Structure formats: C-alpha cells, structure tokens
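Structures follow.
Both complexes below contain chain A, partnered by chain B and then by chain C.
And then the complex of A and B:
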C-alpha cells in the first residue's frame, strides 16, 4: 500500500492496486472515498443545482403569470415555460441529484470503488447533452407541449431525442450503481446486509429501471412519429405508457428521499430504525407495488375499466401506502429513540424540543416529513381515489398536491443533505451558516402557502395549466367563488418566499463550493456527525411514544380530510 | 485428528436472502408492474371498439 500526500488530503493506494482504486480516507467519517466516484458525485450534484436554478427561474415567472393582477407572460411564453419548468424541476434536477446520491451510497458508504468511471462520465455527458438539447428546443419555441407532451401535440424531434439521451444516460448511471453494489458484495466491504440508506437507494434504482424502460417504450416511437417515420401514436396508449414514466419517476424520489431521512437520523442524532427488518420490508413493498400508482392519471379516462383503475390506483390494495405508513412511523421513531437514549426522556416531546434544530439538514428533514405527510401524502391518497379524484381532476389542486410531495418532500430533503455534502464531498466549509439555519424554514413556509393555496383553488374549480382562468374575452365565462382572489394572493406570496429561499440555498452552495475555506479536519465540521446513540439502559412500554402520538394526530387529520372530501363529493352530485 | 464437529457456515435465512437479492427484486417489481399496469391496460385499450365511421367522419370534418 502506498500513500501520496497531495495538498492537505491524503490519497492512499488500495490494497487491490491492480484495480487502480485510488481513494482518500475521510478524516471526518472514516469512509474510503474513491476519487473517481467523488468527481462524478460532484459533477452530477452541480448539474442538479443548475437544473434547479433553471426550474425556479421559470417557476417565479409562472407564478406571476397565474396571479391575475400581474399576468406577466404572454400565452405563448406561459406554455413554453410550463414545459421548461416541468422538465427541469421534475426530471433534470431530481435525477441528476439522485444519480449523485446513488454513486455516494454505492461507493462511499460501502467503502468501495466505482466500477467503471469512464462509463460514469459517458452517462453524465449524455445527461448534460439531453438537458441542453431539450431546453434549447423548448426555449426556441419548438416544443410547447408541456411535460406530458400528449399526442397528437407534436414537438420538434430534437426535443424527444434530448429526453431519450438524458434517459439513456440516467439508465447507464443506475446500471453503474448496481455494478458498484456487485463489487462491494464480492469484495465484502460491508456486513451481512446493505446499510439501510443504500438499501433504500437500491429501491430507488430498481424503480428507476422500471421508469426509464417505460420512458424508452413511449419516447422512442414518439420520436420516430415526430420524424414522420410512424403515422400515428394512439393518444390513449401514449397516456397509459407515458405515465409509467411520469408518475413512477416521482416514486424514485420517494424511495431516495426516505433513504436520506434515515441517513440524516444517523448523522444528526446517531439514530437507526427501531426495526430495520420492517423498514426494509417497507422498501420491498415500494419495489413491488408503488409503480402501479401511475394509473392515478387515467382516472377519468373512459378507455380503461374501473377494475383496472381501482386495483392500480390503490397500489394493489394499498400495500405501497402501507409502506409509506411504516416509514412515517419508523423515521421519526428512529430520531425519538436515539434522543431518548441520549437522555432526553422527559414527557412525550423533550426529544423533539431538544433536537438539533440548528442543524439545517435536520430541520430540512423534519420539515420535509411534515410537508410530505400532511400536505402531499393526505391529498395524494384522497386525489388518487376514483370517486374523490373527480372533484379536483385537472384542477390546480393536482400540482398543489405534488408541490407537497416533490417540492416540500424531495427537494427540501435534497437541499438538507447538501449541507452535509458540501464539507464531506466538496471538502469546503459552508459559508453563511446563519442563513443556512433558517433557509429550510423559509422554504417550508413558502411552499406550504403555495401548495395549500393551490389545493384550495383547485377545490374551488380553478383549472391547472391555464394561462387565463378568468376566461377574459372568451365566449364563455365563469364566476369563481370570490375567495379565490385571496388564495391567488396567498399563492403568489408563498411562491415568492419559496423562490427567495431557493436562491439563498443556491448562493450558499455555490459560494461555499467555489470560495469556501478548505476543510482541514473534523474541527472544521459545522454540522454534527453524531456517534451512534448508546443502548437503552432499560426499556418499558413503547420505545417511541411521542412518535405514536404524532402518528395518531396525522391519522386524525387524514380522516378529517378524507370525510370532508366525501362530503364535498356528495354536495357536488346530489343523489335523490 | 480433530474429532470436534466442524462448525457449519452460518445459514442465511430465506427471508433475508430474498430481501438482499436485488436482481430478484428487480424482476419481481418489473413483472408486477408490467402485468397489472401495462399489459392489462394495453389489453383494455386494444379491445375498445373502433369509432363508427359516420361519427369519425363528422368529427374530422
């Protein structure tokens, strides 16, 4: 074994020198960090941040267009930027970050090498090329088809080609993740089973394969159709297969996000799942059933039967929902259990009041759990039922729902874990820790206002993806409930606060990565890396009673909303 | 000669063997999705009766 000192980082040749596995041993975590993997993680994370910047720039313009007193953009640019925002927010930002996460979880966490760095760069190159081509085609006005690009809407062939290139690159990244797992298993670099964090990422990777295969199945023929090589793409068939990509891609997020929640519990308070076997089973339920939920988007389509809709939208009789319920209990209870073992035992909630709230990764995670559960989760189940879906189908409540899941849930979680990635992977101190501490709160407040306002507006009948929902100048008019004006204002305020928060986060990340002082050792670590919580001295009753109470509060809120929606449904369609 | 019984290697429980086999999980996840969502959906859409010609013509006018 040979050691090379380069600057302030020690690089160590691995014992398997024939593999050329050059790594550094992290002086903070003790993990071996493969240098080629580290570069790929950095590159994908940077591309993710750039994609997020593009997405939120479009988002703020869209908010001020839908806010009628300002009505900023023309109809043409509104639909152009809806397409641009959707692709950058839901596909590019999320998947670039997830690929970075997959590489991190399969190499750094497993103390192993990256299986094929060159292929990693090819994957990255294809994804960047896809991003550039698709975004360029959208911005020159050749793909005003929105993210779903339902046929017979037709975009320029390069739009589809860009997405295909991106998907192929992402699929290659996922294959490399599996390659890394195989190496780690063969070289026995971890214990009996994968760590829970990596296990969750494995779940995300499997869902990604299903998702990207669906994408290939629909985008390749559509690309050929746009070139004139195929006469017709059946719109109903397109919609069915496209949502295998569109919805399932968001399930990759769910699995990756939950994995990070467990990871942050471990890093911030030394917590682990109180029953790993159950947590792993919940991930397996995701693998088996969560992709069926793509059927939510066909709930009003007459071509498919109720049997198909009920079976699929219930994730095979709510088995994937059961998985989410397990995580909803297991993640907070891992925090509570650890905190109690550290001595915060008074009453039901001392563990929560004495939690490390000044750690932005911790606060991001807790706020993401709250937003994902109370806003995204409750509305997801209610809007996903055939009966109650009809109240809000194609209204602005639907994007309101996924602002709760993908934005408060996934995006805030990804933002939070970045505060750990800056010192551990980019080896820089965070500049602006004071700002970083309240950035997650600002983001949560902004997004909660935005999301709840959109859901209420949708309940009042306001359509989604509509440049002018006042129908001004149209042959038909509709007078909305006057309350919509209040909620439009609230939505605009929430959107503005969330936008400012994202810009603060991007500035912190960019300034820290480019100009932050270099990490010289554990003393520079601004965020806690907690040792494993000590074993419990004695154990009586529930291990996590506070979480149990919070879970019942959540269930009560869910039940209230559930029955409220059925009440609204009954009021909408009076049955004699 | 050592007469002590040799310690057999630790047996991995069947449950954990399935849980840790990502190729098997990938296969199962894909199969369930393909059968219940894709094939079932495609079959239902494929079996829809075609639009009668007179309606089609009136729509395409």
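And then the complex of A and C:
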C-alpha cells in the first residue's frame, strides 16, 4: 500500500518522550498525518459509504411503496426495509463517518499520532461485525420491529446483539479520540487551545458517551429479555430510555456537522468564527441542555405529567435551541466576515454572490445550513412543543422534519466534506468534478421536495411507517384530503432526485478513490484551500450585516410557521 | 482558523454588535416558547392530560368488555358500536389490529376516554381532525375529549404494531341530534339489544348459543381478522369453515386437519400450534377464553355454514 502515500514520510521522535510515529507531512496543508490514523480514517469512511448505499437502496424502494399508484413492496418487505433503512442511514452511515471525523480531528488537525491503532482496528471490527449481524437478521425477517423496536415487539436476540456490538465499537472509538487529545495535549502539538473544529468534535464525543450509555442501559436488558432471561420490559420506560439514545445521538450529529461548517469556512474562504468564545459556548450548551431530549418523544404519551414534559423539553429557555440559533449566526458570519476582508464588501450580499460556489464542499455546506435551519430547525422546535405535538405525533411530518435535519443537514455536510477527504486523506484526484459541482444542488432540491411534502402530508394526518393508505383489510376505510395526491407525487419526485444525487456522489467517491490519478502535490488540488483571510481593519457597526438580515428572514419564517401550527392546533377538538 | 488554535486574546474579544443583538433576540424567543406552552395550559383548549393509571392488559380488556356490554347499541363491520353518556368514562382499546369500540359522541359534550392497548404499542390518530396520542399496553391514559364539530371520524393506528398495522382503523361518529344517526346508517342504533341474561345451571338452546357466540365474536374482536362474508384479508374466513379440511403447518411441516370442535378449541387456546397455510405471517394472538365461551363461539361458527 506504500505506493499510495506521497509526500515525505518521516519518523520523528517527539521531544518529550520516545514516542515516535510513522507519518507523512501533507504537501498541501502542512499537517503531519499519522499513517496508522490515515488507514483507520479511510476504513471508517469506506464503511460509511457502504452503509449509505444500503440505506438509499432501501429508501428508493420505500418511496415507491408509499407512492400508492406504484405501491411496490409487500407489507412485510415494506416494514422490513423501513427497519433496514433507519438502521443503516441513521446509525451506520452517520456513526462510521463520525468516527472517521473524530480520528481526523484528533490526529491530523492536532499534528499528533493515534494513541492505540490496534484498538482502533478492534473498534472498527466490532462495528462492522455489528452491521453485518443486524442487517442479516433484518433481511431474513427476524427483526420487523422498526429502528425504535418498541417493546413488546420482539426481534431475534442477535439483532439487539448486533447493535450492542456496534455501539461498543463506537464507544471504543470515542475513547480513542479522547486518548488522542490527551497525547496531543501532553506533547503540546497544537498550542494553547484546541482548534474550534476539534473543540466542536469534542463536544460531540462527550454527548456520544452520554448517548451510548443510554443505549447500553436499554439495549442490554432488551437483549436479555429477547433471550427470555428477563420477563418484562416496561414499554413506557423503554421508550423513555431508548430516546435518550435516539434523540441525543442527533445532537452528536449536530455538533459534528456544525464543526465541519466551521472547517469548510476555513478551507474555502479562510474564515473563522467572528467570536470563538461565543461559538465555543454554544457548543457547551449542547452538552448541558440536551440530557433529556427523549422528552420530545413523550409529549403525547401517558406516564409522565405535563409539568415534566414542558420542563424537560425546554428547561425554561430552550438553551439547546439557543445554541443552534447562535451557530445560525456564527457560521454564516464567519464566511461573510472573511469574504468582506477579501474585498467582497459591496452591499449586503456580495460576499455571498462572489463566494466559491464551484467548490462542492462549499455549496454543500451552505445548502446544508439552509435546509437544516429553514426545514429541519423550524419544524423541530414547533413539533417539539408539548401541545403542537398533538397534531404531528407519529405522522409522516416527523420523518419529514428529520429529513431536514439529519439528511439535508448532516448527510449533505458529510458528503460535502468528502470532496476534501478524497485528495487529502485518500490522496486521489476527484474524477467527475463537473458532476460534483451539481451533486449538492440536486441533493438539496430532491430532499427539500421530499421533506417539505412529507411535512405537509403529516399535517394532513398521514401516518409514518404505514404500508397502505387505503387501509385494505381494515373494517373501515379513510380518504385523506385530496391534496395528498399532489404531495405524494412531489415526495416521489423529490425522493428520486435525491436518490440519483446520492448515486452520483457514491460513483464519484468510489471511482476517484479506486481509479483517480494519484495526488503528486498542491498543483493537483482541485478544491481551493484558502489562505487565512487578511486581518480586519478596525470597524465600527456591524461585522456581518448580511448574515443579520438572513437570520431575520429565518426568524420571520419561523414565526409564520409557529403561528400557523398553533392555529391548526386551536381548530382541533378540545382535550385535557 | 477553525483548524488552528485560536488567535491570542480570543477569550477577551468583544462580541460584535450584530451578534450580540441576534443572541438577545434568540434568547427572548426561546424563553417565549417556554412561556407559551405554560400559558396554553391556562388559556388553550388542547393540552395532553397528566392522568395515567397503571393497569394490566387483562384488566383493561375486561373493563373495556364490560363497558361495551353496558353501552352497546349495535355492530358496524364486526366492531361493536357504543353510545356512552356525556361526561362518563369511556373505554377504548387498541389491539392487533383494530380499535374497539366504535363511539357515538355528541358534539360539544365531554367524554373521559380511557385508552390502552391489549398487546403492543399503538398510536391513536383521529382523522381528519388530526389528533395523535401514544397508546401503551398496561398504561391507561385518561384523555377528556370534547368534539367541536359533528361528522364521521376515523381512528387510524400510527405506531407500527405488526404486519396488519395498515388495516387497523376504527371509527367515531359525532352527532348533533339523534336524527344525524341516519347519515351513518345507525338509525336503529338508539338503544342496545336486550342481551341474553346468563342464568346459572340453565341449558341454552342451540339458537341461544349462536347469539351468545356472535356477541363474543363482536366483543373480543374476532371480526377484525375473521370475516363472516367469505373474505379472508388477515385470517381465514369463518364462513363454511366448520367441517372443512384445512391445510395447516405443524412445526413447519404441512398437514391436513378437519375443522371440528376440538380443533377450534386448540386454535383459540394455542393458536401457533397449527398454522393455516396462507396465513403464516399473521399469526393469531392467544385468546384466553372460558370453556363456555368457546362452546358459544363454536356454535356461532357452525351456524355460518347454513
């Protein structure tokens, strides 16, 4: 494999200790790249792409099943593939990619070595084993329980075991991340404070520990229950703890995604947070105020009181939402401020119109920010309030919401940053740059159509995870508002466009990594790596007026959706 | 500089005017969201209740059955229809795969709905008004509903509950006055038929057993899967079943059985022992029933051959 590696390979002795490591100095960025870490990053990234392929293959079949004129799959296979899609998309794809990101942020960016490469491979092995076991059990029809597997629905014990193995592997990866941080700190490889990117990843890693602990707390007893060693798993308790895993893990994604947004700002325009203290505080808010995210899933459930629900979704002031709103200003303003310093200072939006739109990592990031904020964020806050949850709970609006957050947001961000990983970590030129420039737009348009139509369908009462909206075999039938036909078509169209876009992305990645010309130096770099933007001249007034205007637009959209939803709620029956 | 250590003095850098402004607005908005939820409890009319009772699936099934017996006014597609009094306690049970009973409610009147499940988790979703609540086994959720518009409503299940999930649909009819019942084909549903009073020690005639069997069929919800019209969407139809040679699987091996009293008894008490070919995916849940109930059900099945 040594022929893959270019640049100078060095073996350095660190000054403090006799702990040398085999690395190359990147000829493009100047970072020291530990070769054992690089291999682990590659392995996890490859597993992530494979998982994504599995997930979207299931997804397109699901779209054409719910689209009633085609109604592709049988009931059995529909529910089976909903389970399969959820697990591969939300767990395997995202977490493999995040582990790759954690290794990247804790070694390459910090110029340090990987603390225990062998354990890194054990972690990877456990995760792959978990993926294979769980997917196999699902596909042979022994785990038709949905990703949530609410008890007393019961799957084959190996299904739970697969997830446990995967989680143990992931937890080990997170521990290794902290190990790398410790080494970097001790060997003083990065200066006084962690770079913002790694700092954000660190908050993601801390949340991951909390999350995986909840996961262990619920999956281990459930596994024992499926073996017959425990009599009963209380369904309400199960749901409470399961969402401690299910929802908090989304906060890992948010923290990792926002970290990448800051990184892309740096790589594409040489930008940085206009106030690092603010950005870092916002990251800390994620850790402190996400602990009972599962409350968002219990808003229309028996068992917990309204006081409990209202308090635990908000802690009186929604500080996790506040954190995202702070980033909503801090991230775009980092681009705006840098662009203005490069001289794109005309008017409110020249910084945006003259931005490097031909850089697919940049366009992915901007589109991810828009989708995450306007589609995922607004609906997330509104659906997550106690009373408005009544009109959306378990409707297809809920997956519509998280298509906005975790697919347009996280997945598009991850796909975008991969355009940097191919040359920098896989050391290959990208084949199909022309396609790459279009791919993020296609993905954004497809998913925006998909998720907005799902949200509208949900508001019209269409349930999620439901095979047949004609209710065949039931004692009665129900016809939804005729408008649903239009939105089903839109959803099918959006899903198809998004599917094509993901396939384009996967082809670009696979072809480039396998057959792309090898990188020989900075001249082969197809994506810009911007130098730092020049320092700001002292200025009074606003540092990012364009961003401020955009955030106000966001605020107006949010308020409009907010009042619309409460108006719809007020039109329903009285209930108390 | 997100990939490098921040510039010196970053901790003490002043926050710019616009960022500060945005953060204050965002914080106010976040606090407002909290206050809004609290105020809706004071002034709003739609608030999920805080009242839950711990129960068991067996106990709740008995409560529902007793409630239906008392208030039943008819049957709609195999599901009992009840017309409870306003302000009274109403029991609604979800099970694989039906909601029972069908409710007749009066507009602008309150009903205390006790909602629970007999088996797995279900989702109670009233359409088109689009109100959605979670339903657990062994938790009795008390929600006091006051319908504000007359009309026919459907209760669909929106929490995955097994292979028959998509066919799980119930009904609520909201009327303004008795005449409205006509619109729904319920004009004869004004009061309950006189049930046969169980008397200790009396021998029932075959005809009486058939009537009681049909009541059990309705109450226990057999009709959700077993139709009497010859169709078999989820389970084998009961029409012409008795005395038929049925292809079954015993431990996965094919066999043929004669549908007789003994086979019916076994199928009720241990449904997964012999599985009818063609219905392997929709295995019947265990139905704890008393001997006399099984006898009446058998009489009812026999009667469907005529």
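Keep this in mind: the second predicted complex is superposed on the first by the 548 of 576 C-alpha atoms of A that agree within 3 Å, B and C clash if a C-alpha of one lies under 4 Å from a C-alpha of the other, contacts with A are read in each partner's own complex, and residues count from 1 in each chain.
Keep in mind that, in the parts below, a residue touches a chain if its C-beta (ideal position, glycine included) is under 8 Å from a C-beta of that chain, and two chains touch if they have at least 3 such contacts.
Bear in mind the structure is a predicted one, so any value in this text is a computation, not a measurement.
A.B. asks: Kindly classify A:477 by the partners it touches after superposition: chain B alone (first), chain C alone (second), both, or neither?
C.D. replies: second
A.B. asks: For A:303, decide between first (touching chain B), second (touching chain C), both and neither.
C.D. replies: both
A.B. asks: Looking at chain A, does chain B or chain C touch a larger number of its residues?
C.D. replies: If we count touched residues of chain A for both partners, the winner is C.
A.B. asks: If you stack the two complexes on chain A, which partner ends up touching A:146: first (chain B), second (chain C), both, or neither?
C.D. replies: Second partner only, chain C.
A.B. asks: Answer with first, second, both or neither: which of chain B and chain C does A:560 touch in the superposed model?
C.D. replies: neither
A.B. asks: May I ask you to decide whether A:237 touches chain B, chain C, both, or neither, giving the answer as first, second, both or neither?
C.D. replies: first
A.B. asks: Now for A:70: first (chain B), second (chain C), both, or neither, which partner does it touch?
C.D. replies: neither
A.B. asks: If you stack the two complexes on chain A, which partner ends up touching A:316: first (chain B), second (chain C), both, or neither?
C.D. replies: A:316: touches chain B and chain C.
A.B. asks: Would you sort A:278 into first (chain B), second (chain C), both or neither based on which partner it touches?
C.D. replies: Second partner only, chain C.
A.B. asks: With the two structures laid over each other on chain A, which partner does A:206 touch: chain B (first), chain C (second), both, or neither?
C.D. replies: first
A.B. asks: Shared contact residues on chain A, chain B side and chain C side combined as an intersection?
C.D. replies: The answer is residues 192-194, 234, 236, 298, 303, 305, 316 of chain A.
A.B. asks: Contact residues on chain A for chain C in the complex?
C.D. replies: So the residues of chain A touching chain C come out as 75-76, 79, 82, 109, 144-146, 150-153, 190-197, 234-236, 239, 259, 262-263, 265-267, 272-278, 298-303, 305-307, 309-310, 313-314, 316-319, 321-322, 325-326, 329-330, 333-334, 381, 385-387, 389-395, 459-461, 463-469, 471-478, 480-481, 532, 541-545, 547-548, 551, 555, 558, 568-570, 572-576.
A.B. asks: For a test of understanding, state which residues of chain C touch chain A in their complex under the given definition.
C.D. replies: 1-6, 10-11, 13, 15-19, 21-23, 25-27, 29-31, 33-34, 36-38, 40-41, 44-50, 52, 76-79, 97-98, 110, 115, 119-121, 123, 125-134, 136-141, 143-149, 154, 156-171, 223-224, 233-234, 281
A.B. asks: Going by the contact rule set out above, which residues of chain B touch chain A in the complex?
C.D. replies: These residues of chain B touch chain A: 12, 16, 19-20, 22, 25-26, 28-30, 32-33, 36-38, 40-42, 44-45, 48.
A.B. asks: Using the touch rule from the top, collect the residues of chain A that touch chain B in their complex.
C.D. replies: Going by the criterion above, the answer is residues 178, 181, 192-194, 202, 205-207, 209-210, 213-214, 234, 236-237, 240-241, 244, 248, 280-281, 284, 287-289, 291-292, 294-295, 298, 303-305, 308, 311-312, 316.
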